[in-house]
Amino acid sequence: MSTLITPKSALVVSAHSADFVWRAGGAIALHVEQGYQVHIVCLSYGERGESAKLWRKGNMTEATVKQHRQQEAQAAAEILGASVEFFDIGDYPLRADKETLFRLADVYRRVQPHFVLTHSMHDPYNYDHPLASNLAQEARIIAQAEGYRPGEPVVAAPPVYCFEPHQPEQCNWKPDVLLDITRVWEKKYRAIQCMQGQEHLWEYYTRVALQRGVQAKRNIGITAARDISHAEGFQSIFPRVTGDLA
Amino acid sequence: MSTLITPKSALVVSAHSADFVWRAGGAIALHVEQGYQVHIVCLSYGERGESAKLWRKGNMTEATVKQHRQQEAQAAAEILGASVEFFDIGDYPLRADKETLFRLADVYRRVQPHFVLTHSMHDPYNYDHPLASNLAQEARIIAQAEGYRPGEPVVAAPPVYCFEPHQPEQCNWKPDVLLDITRVWEKKYRAIQCMQGQEHLWEYYTRVALQRGVQAKRNIGITAARDISHAEGFQSIFPRVTGDLA
Amino acid sequence: MSTLITPKSALVVSAHSADFVWRAGGAIALHVEQGYQVHIVCLSYGERGESAKLWRKGNMTEATVKQHRQQEAQAAAEILGASVEFFDIGDYPLRADKETLFRLADVYRRVQPHFVLTHSMHDPYNYDHPLASNLAQEARIIAQAEGYRPGEPVVAAPPVYCFEPHQPEQCNWKPDVLLDITRVWEKKYRAIQCMQGQEHLWEYYTRVALQRGVQAKRNIGITAARDISHAEGFQSIFPRVTGDLA
Amino acid sequence: MSTLITPKSALVVSAHSADFVWRAGGAIALHVEQGYQVHIVCLSYGERGESAKLWRKGNMTEATVKQHRQQEAQAAAEILGASVEFFDIGDYPLRADKETLFRLADVYRRVQPHFVLTHSMHDPYNYDHPLASNLAQEARIIAQAEGYRPGEPVVAAPPVYCFEPHQPEQCNWKPDVLLDITRVWEKKYRAIQCMQGQEHLWEYYTRVALQRGVQAKRNIGITAARDISHAEGFQSIFPRVTGDLA
Amino acid sequence: MSTLITPKSALVVSAHSADFVWRAGGAIALHVEQGYQVHIVCLSYGERGESAKLWRKGNMTEATVKQHRQQEAQAAAEILGASVEFFDIGDYPLRADKETLFRLADVYRRVQPHFVLTHSMHDPYNYDHPLASNLAQEARIIAQAEGYRPGEPVVAAPPVYCFEPHQPEQCNWKPDVLLDITRVWEKKYRAIQCMQGQEHLWEYYTRVALQRGVQAKRNIGITAARDISHAEGFQSIFPRVTGDLA
Amino acid sequence: MSTLITPKSALVVSAHSADFVWRAGGAIALHVEQGYQVHIVCLSYGERGESAKLWRKGNMTEATVKQHRQQEAQAAAEILGASVEFFDIGDYPLRADKETLFRLADVYRRVQPHFVLTHSMHDPYNYDHPLASNLAQEARIIAQAEGYRPGEPVVAAPPVYCFEPHQPEQCNWKPDVLLDITRVWEKKYRAIQCMQGQEHLWEYYTRVALQRGVQAKRNIGITAARDISHAEGFQSIFPRVTGDLA
């Protein structure tokens, strides 16, 4: 329902600078190929909590770690075809004040996303992730309000999807959407390989994609075999509005 | 993905002969207008539990009550554009043996539904409803098995949606789909009016449709105003497989 | 709202012949003192599953165990001031066919209870208990239906309360009502002492009553100290209809 | 159990200045008619998030919007018979520091409420609402503590009820109390009409009252027909302490 | 705490004849290596629902399919070091009468298991699995009752673990135990290869073992690196009794 | 798996200075007897919220109340054999800034705990308790991060157990571990008696220990009678990694 002039768009809110790759790289690449403009906000670089390998190298400062992480994230975003910006608000712990909230609300106003991807609501292994999810959701609500920066165009009610956490059951995360990413898998895997500091996760998330792919095939409603090998799972926050149940 | 020859189809499993009208009449009419063949199975006539007004008239037997109810249900199905069959297994309590299970599995095989509508999984006010839902789900599983009547074409994994129970929160029912039924509302209301024995529910379910309509408007992802006035809510049992998140 | 002629009444559905004593003895005695007629249905005698001490005595048959258990239950009911009947459908496993369902529905029609007490919906230690709860609830629904034994007076929608299981958290049982049984505690304890075969539970359920008593005091809405020492907890199945929130 | 001198009282904590009308107007009017003193705290005016229509008029500043909203809320409170005060802590986002927490605790100490009404614990559409609910609950706990302003009379443990959010199932809100507001409905509707900026909600909440009214009739425990047409639903946070289960 | 004479033992209750391999093959092999006697009950051969490849070969009858499946299961059990018996009660649908319940209770009495493995409590893709789990749990309760076959030695309260279903999140299955099966993985994979009719699952369950292995490493409480590569997840039904929390 | 040089250790994070006694005194004493070094952090003295009796004495200031409470807590810790430190961050409300978070993370680094005990995740009666639990969990995550104080030894993934809140069901707390504290009960009760200001809780928590003791006996997997009279319940946050399921 977008006009000819404005392309569809999507917003990804990532707590640390690599999360969007493991958890939503396929969704990003797939929608970019469909003509969406996808914009990624990395709230932090994950410089403390998700850069163990870099720190173990020695001779690192927080500034150099951040620089490494930024380069990796930018390279990955480029492969996926998305734009990326970095809020650099720090991690472990991530904390967001009102200013950050408004900054993100302003991104919503600018991007006018057709859908939003972010973290799960619960994660006992990572307190930054739910905080990022709550921030993304509250900023969306602010951006919808006529009384916030009155006169600016507000945003509608884009669906919000929580992408897959590292240990899904422990996060009470239950996917209600399985996205077929078969045709962009190679692109996602190239983006994954940008994450030089987290090689131990490459095969882990390859297997995640394969498992979700098998599950996607088990949930297809029509007998015609569809050729799905890789998928990503998402959990919706809101009900979807539709005109067709098939 | 249906071919030119085989139209899309849907299956509705209704515990009593009026449930499909209140709870899924909009979905039925809407999909019929889109070219689906919709088939309804009424497991019972609701002769004991949902025919209070008829019984209060006096001079009734179970046979005459069933006859009344069958006529009403057929008239409603006709308005909605669906075919209907009656298993007549009795209500209050509904009980299903293996034979009924296989009979319903055979309907699945024959209909090859692209989606299925049935009751919620929990209802403290009505034990027949969850039983019907479980029967519908188990029959679907049987119909998927190669070893059940080997050689027959099996069914795929059509999505199953639970339609709205009478007191939704008490049934732990939470809609994740809001179906816009605005353009078929008049048709649904005419079908509702066939239920002469349950006039007290006409306005109740009109209000349900209006409330779900308002909620649908609150969950649309794009700013362009869409003209929704009436909706039906559904809760999915399975994750949906898709290629587009907007 | 009862008339002068018909006293208020209550129905207790107990899987085994001692359950009503441990779990609802206070509620029974308290309401009897308030003028209610309380009727207890024991579905079984608990002859297999809850009579370990009797069996260990030796020289027992199922018939003699049942006899012992019936005497104990009758003595306890008498102390509490309630009438009791025994369905004797067997335990471990308890199984209820349609006939039992209708038999219990007929008790509902006869008793016309103002409230109902029965087991929790879940109990991994005791499969008979949830079955009894489901039977009690389905029978209530049957008894409400105009089409069941047409012409008989139906029952209204009496609230149903699940009484406390042996290991409450493991049963996902969460009390939303704390009933002050302080003034009938001595009577309940005398009824408990009728259960000669389960002495190990006497002190356990005394402590339950004391703990619930302390909790009741912590949940009183007004500053005036109320003298509660013993309580019983219950979990409601249905919302209550009221005209006062205090 | 109140004495002759001190009337019963209730406290309503409303995130925005209109919430108390849609969600608890019936409860307020009903208890006022029963002699309660009901006091309302509006944490904000909803000037940003719930005043879209005012902002669309143009020529508005936050100050003028607040003024409009205050007048509407005061008019509504007057119709309902309650006192109202405004904390004016801002909305979208609502944020409460310790000072606000203590300010609300002091209101508890002054009002000594017999029950408390506030928002649901979860609302993905509105982050201000759960925050208000948590604030109301934590302030109650502070007000109960002997060591907070030692020497002042503490409050007891008044029941807390969460009133109905806009999309109840999405908020995991499940009413366990249905309050019959039939005889004060006209008064509530007049209060609703004070909300000139939110006319689209008038009919929505009229239908909510009618649906809850039908549901209340379906949950009455005695056969004598009671004439309920309108109701409000509430979810309890704490177990209630009682001496009668009917 | 077993004596020198009686070895420790375990019981596995499998709905279909291959389930125990995919879901618990590692646990079986590991405990056999630790000296446990592990006994497997296959309630059915999965002849209808889990033998698609065999049926597609053509020239099959239910008898020949069962024979194939039995041979595969026996070969797998032998590799794992466990004994196996087949109840042959049919699948799709699995149904258990009292006789089957008692038959399984008698197995409990004979085996006196130190722990029990069975299916998850919920599975919308497979109704046989929860039924098997409930049967296993109810039989355990029967076997604990002094009044069932009085005079026989009863069983204690062995912990029950639900093994991993095919789509874990959809089954509301959440592992609270991760069993290190690294040193028996090769044995499990050889047992898996006995399942000639379900080759598509070999790699799926290899990946499951690798993912659970990674997760196990993430949940180890001590810094000393432990070399875990493969694991199986289990969900407990009951609290465990212990004397050490590390 | 600890070396000969470093003894095993445990960390207890207590919101107020008496919580660790009621809720984990047995676990502390038991592990101390097994050679663990147990360290307790009391975030506050509970000077406002849990010192009612002291305040009622009169002539108290916050400083004198704190002093009393500290002496009691130290005496109790000494009896149990644990070291204790006091963060003194205030209670009612407890609030933790980043500095407190890092201070606690540093305790983790120093103690290198093999397991952690803290409060439940939810408590509608006490907002300080969940806040303490979240602080304990987030500090653990910080302490695990290589990038926090790079170069320092990080902590592993010690299991975290939530100890029993005052009204367990209302806190959605469900124990999955029952710790046999029979042989240290006398020591725990002596520690309890140090809490002169909260005598009303002595018998309450004695009964808690007895009830959990009975439940522990009901959950033992082997027939040999074990002599358990007292226990403490705990709820795990994370899955445990093990090599033995019995």
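Here the chain labels run A, B, C, D, E and F in written order, and each chain numbers its own residues starting at 1.
Please note the rule applied: contacts are C-beta pairs under 8 Å (C-beta built on N, C-alpha and C of every residue); 3 or more make two chains touch, one makes a residue touch a chain.
Note that this is a predicted model, so its numbers are computed, not measured.
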item: Touch-network distance, chain D to chain E, counted in steps; value: 2
item: Third chains touching both chain C and chain A; value: B, D, E, F
item: Gap in Å, rounded to a whole number, between the CA centres of chain E and chain A; value: 37
item: Centre-of-Cα separation between chain F and chain B, whole angstrom; value: 52
item: Multi-partner residues of chain E (each touching 2 or more other chains); value: 125, 170, 175, 215, 218, 233, 238-239
item: All pairs of touching chains, each written as two labels joined by a dash; value: A-B, A-D, A-E, A-F, B-C, B-D, B-E, C-D, C-E, C-F, D-F, E-F
item: Chain D contact footprint on chain A (complex, rising order); value: 98, 101, 134, 137-138, 141-142, 145-148, 150, 237-239
item: Parts of chain F lying in touch with chain C, wherever the complex brings them together; value: 125, 166-170, 172-175, 203-204, 207-208, 210-211, 214-215, 218, 233
item: Complex contact set, residues of chain F against chain D; value: 47-49, 51-52, 55-56, 60, 62, 65, 92-93, 95, 124-127, 170
item: Residue numbers on chain B that touch chain A, as the complex places them; value: 1-2, 8, 10, 27, 30-31, 34, 36, 112, 114-115, 117, 153-159, 161, 175-180, 215-216, 218-224, 226, 228, 231, 233-234, 236, 238-246
